[in-house]
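For reference, the structure discussed in these notes is given below.
As written, the chain order gives the labels A, B, C and D, with residue 1 at the start of each chain.
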Amino acid sequence: MSDAWIEGLDLECNATCRYEESGLKRSVFLRPEEAPKAAARLAEAGFFIEDISVLDTADGLLATYHFDHFECPGRIALRVVVPHEDPKIPSISAIYPGAAWHERECHDFFGLEFTDHPNLIPLLIPDDMTEHPLLKEETRRKGLAELVQPGTIETCSTWFKGLFPDPDENEDGEGPDGAETP
Amino acid sequence: MGSFSIPVELIRIVVGVVAIAAFVALNAIILVYLERKVAGHIQRRPGPFEVGPHGILQTVADALKLVGKQLIKPAGADAFLFWLAPVLGFLPIFLFFLPMPFGPVLTTLEVPLGLLLILAFAGLNVLAICIAGWGSNNKWSLLGAARGVAQSVAYEIPLLLALLAVVFMKGSMNLSKIIDSQGAWPWQWNIVLQPLAFLIYFICAIAETNRAPFDLPEAESELTAGFHTEYSGMGFGLFFLAEYANMVVVCAVATTVFLGGWKGPFFSGSWWFLAKVYLLLMLMFWPRWTYPRVRFDQLLNFNWKWLMPLALANLLVTAFIMKVG
Amino acid sequence: MTETAPFFSDADLAGDFYTRRFQPGPSENTLILNMGPQHPSTHGVLRIVLEVDGEYIVRAEPVLGYLHRMHERMAEEKTYLQYLPNMGRVDYLHALAWNWAFVGAVERLAGIEVPERAEYIRVITTELNRVASHLVWWGAYLLDLGAFTPILYAFEDREWILDLLQTPTGARLTYSYFRPGGVAADIDKEFLKGAKDFAVHMRDRLKMYKDLVTDNIIFRKRLEGIGPISLDMCRRYGATGPVVRGSGLAYDVRRAEPYSVYDRFEFEIPTTGSGDAMGRYRVRMEELEQSLRIIEQAVDSIPEGEIRVKGAPKVKWKAPAGEAYFAVEGGRGKIGVHLVSDGSNRPYRCKLRAPGFSNMSLFGEIARGILLADAVAILGSLDLVIPEMDR
Amino acid sequence: MDLGELDARKGFFKETLAGLWSLVVGLKVTGKYFFRPQITVHYPRRTVDNIPSFRGPIELISREEDPAKPKCGACSMCVSACPSGCFTVTKKRPPAPTPEEIAEQKEKEARGEKVKKKAAPKEPERFLYDYSLCSLCGTCVEACPSGALRFSASPYRAAFDRKELVFDLLADLAERAREDRNPPGTGKTTE
């Protein structure tokens, strides 16, 4: 699968990953409001949704949408970081109805609010439960940069550089010749 | 017949009914045991084995357990209808056996229209299912009842038509007369003349008694237990008893009408009757442990599009041959 | 049934949170029906709230969580090795695939090599387990459709497998047999011979299965054309495994993201274009045959050697920081484990991707307008294992 | 591999006949199995024959020289390895010093010398195992540095009360030693 779906998307970071190390082919950071747009592009390109995996870090909640392709396998990670105080992401369930359950699950476990979700009620935890079991205590949270390697970065924004102060050294050298340039 | 005075007839009926009750209960116990054994052996396991030698007393123990269980009525159920239904399902059984010729003289009540009597009261079973489903205040039961009514009403028609073909030929609805007209040897039985009618009758009989693969009113994987979901103890027990008694009835009718009743090679008598009934019952067990259940619309389609035309055609051909021949 | 009798007014509507959320109240023509959590054909404790018009389903909404055990939280409280027994309990039918997904993720995270013999052992045991899983599905599906006998025949054959797997794993159902860097115990000659014998025996039985069930006219009429799932639907819902293969696409993680030594074996990925319940049924039946092929090839070519790499993780082993995603092909589809480590001896986060979860999520869409009996046929054809969906 | 259509049907009558025939074939299959021997095992009268390969509750392995003494060094590795916290192991205390030894120690203390306390013997005082929590994963067996744990082959340990499932493994070991069915080494007990 070509990476044509990336074109025109406003990305915070676009990086390729080594499959043998992380199981990912490409890792992309987005602003939350870009998520539905990116999902729509992925849907057009024929990707299917694998899951949504949320990570509770000191820098906020990192929601990773895993997408894969039936014909041309290669896992894509769409990553969105939202602050703990206001964990709101626009829902992609209108594009990927299968994401509705994954989003409800994330809502159960992390308290993530998916705006425009048609039915954001508890899925796995009891309906009267108010705690979010997978949120960590503040002292146990680790920084995002300690947990996630962005991969070989092709392009990235200043916001992203602030989040990952010391990314791969060779990132600057390889950046310009990425598939990004239109 | 007219020479009998009334009291003697009455005594005959009372004794007959008591004998029928014993026969029904005993049969149910034996049949449940047999069915479980058949199922077990088909599935390569022993079946009941622990109570009594080879588990022969298992069904007795089960019956005792059912009798001893508390009767529970679900909240919101209509008490009158809820308890009426199992009784209504069970009582007509006695009527079915009244005109049944078990042997040359073993008939409780010689009725000129015996076959009609049985068929008429067979409709009561539908009513029992309907009332049970409605009275239980359970949506699954209701769905089961709806299925039960549609199914029984539909399958009654080809069943009737199949029997009618034989009645046409023999010109009588008296069960004893129908037996008399058949010989002792298999080639002298009505099944040879009316094989299609027998097949249609047998299929309809399985459907009428709600047996797999036509057990849709109870279809436990779809409707939990259908119309008897809410019944416990003897409430369920009566339905259970009625199911097995009904099986005996349809097989007894088949034996009488198609297989020469109590007549058989060498030693005619009741044993031939019983042997034939049990053979047919075994034939009813077999598909249950082989086939998946049909779907409801398929069941009705099968009836209206296959059995009905076939039964009608059979009847017409019979009538035509009768007229010409 | 604790909620309302039919034809109550809206104000009387009782029912729990999910029934109330489902709709304001039964309208005149429809009624709200709770299928499960104690329904015979929901295989455990799945619950589906239905709005039915007669026997036709107007709307359906699955309610999950009755078997939720919070495996993902448990992962954060246990060391990597201590978490392994949990994996056998996520999907009790194909436990070894989950074993593999987790140890695979750990191996990918830490870059652990697995000895060749261990890889072969994993392939053989996992494929045997897959056959066992499909056999249970086959029997239970037929039970849903009202045939009582096939499940006992299926269990008869499954017993062979359980007896075989008991020797190396010591368990019969909830295996925790794989370890990061290898497997827990070696297999012997007898096991290999048993596996080969089983393959021969099973082929014979598959013929009987075909005679008894697949060709049966009642069975075919129940399945053909029921619950069609298009490829597009699979994409939108992330349905994998036999569901997507039944819709005509040869997607199998063993081929798409080759792991272990699967690339050394010849096997086909069965597909049918029909997309209905019958398609999914036939795909699974053919997968049985393909698994047997893999088992035979692996048994023939298994090398001698170590079963666990030197320096394999011990109980208090610390994983390097980072993340890893590892996917395997389970009996029900793509199993994925997303592991994030902060460099301590416990996972920072362990996300389990259950194939049944995604496969089930499309039920709400295909259930519209079908008969209750077909809903049972569709649920069965999705091969649901509730503990796996609820995790 | 596309499985294609399930045997294509030709014509109405052929389909009908094939359908009817399939029903007969089904009856033939179940009919055949009706006369085959049973394969289930009648439990109390017969048991399955592969019980020895079953991995049952954990038990202690005895030392070569003394079948009543465990190999265990009471290091508590199993306690920390167990995912479910099944084990309670307490180490043996050092033997109480004799009066002479106390006197000697006091003397040493008076002289300002370092007092060497007696080392505790590397043996467990108590070794409790809560089978009700155990998931038989074998992490303890793998973690044990002295190879003192193994799976037993007894599938019949059941109880009416959860508390009865807390096994005293030392007592079990002693009992096995008494009954002389405790081969040393790593093999399993024979039952």
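We adopt the following convention: a contact is a pair of C-beta atoms (placed from the backbone, for glycine too) under 8 Å apart; a residue touches a chain by one contact, two chains touch by 3 or more.
Source: prediction; values computed, not measured.
A.B. asks: If you check the contacts of subunit B and subunit C, which chains show up for both?
C.D. replies: Per touch definition, common to subunit B and subunit C: D.
A.B. asks: Looking only at C-beta pairs in contact, point me to the busier pair out of A-C and B-D.
C.D. replies: More C-beta contacts join the chains of A-C.
A.B. asks: Using mean C-alpha positions as chain centres, tell me how far subunit A is from subunit D in Å, no decimals.
C.D. replies: About 44 Å separates the centre of subunit A from that of subunit D.
A.B. asks: So the centre of each chain is just the mean of its C-alpha atoms; given that, what is the distance between subunit A and subunit B in Å?
C.D. replies: Here subunit A and subunit B have centroids separated by 65 Å.
A.B. asks: Mind checking the centre-to-centre distance between subunit A and subunit C? Centres are C-alpha means, answer in whole Å.
C.D. replies: 26
A.B. asks: Let me have the rounded angstrom distance from the C-alpha centre of subunit B over to the C-alpha centre of subunit D, please.
C.D. replies: The separation of the two C-alpha centroids amounts to 55 Å.
A.B. asks: What are the residues of subunit D that contact at least two other chains?
C.D. replies: Residue numbers touching two or more other chains: 23, 26, 29-30, 33, 39.
A.B. asks: Would you mind listing the residues of subunit C that make contact with two or more other chains?
C.D. replies: Only 149, 153, 156, 212-213, 216, 218 qualify.
A.B. asks: Show me the residue ranges of subunit C that touch subunit B in the complex, using the header's touch definition.
C.D. replies: Interface residues on subunit C, with respect to subunit B: 1, 5-6, 31, 33, 39-41, 54-55, 142-149, 152-153, 156, 212-213, 216, 218-219, 221-222, 371-374, 376.
A.B. asks: So in the complex, which bits of subunit B are touching subunit D?
C.D. replies: By the definition above, subunit B touches subunit D via 38, 40-46, 49, 286-287, 289-291.
A.B. asks: Show which residues of subunit A lie in contact with subunit C when the two form their complex.
C.D. replies: Residues of subunit A touching subunit C: 19-24, 43, 46-51, 53-56, 64, 66, 68, 70-71, 73, 75, 95-98, 100-101, 109, 119, 121-128, 133-134, 136, 142, 146-149.
A.B. asks: In their complex, what parts of subunit B are in touch with subunit C?
C.D. replies: Touch residues, subunit B against subunit C: 39, 42-45, 74, 76, 137-140, 142-143, 146-147, 212-213, 215, 219-224, 288-298.
A.B. asks: Hey, which residues of subunit C end up touching subunit D in the complex?
C.D. replies: Residues in contact with subunit D: 78, 81-86, 88-89, 149, 153, 156, 163, 166-167, 169-172, 174, 176, 179, 184, 208, 211-218, 220, 224, 248, 250, 268-273, 278, 282-283, 286, 314-316.
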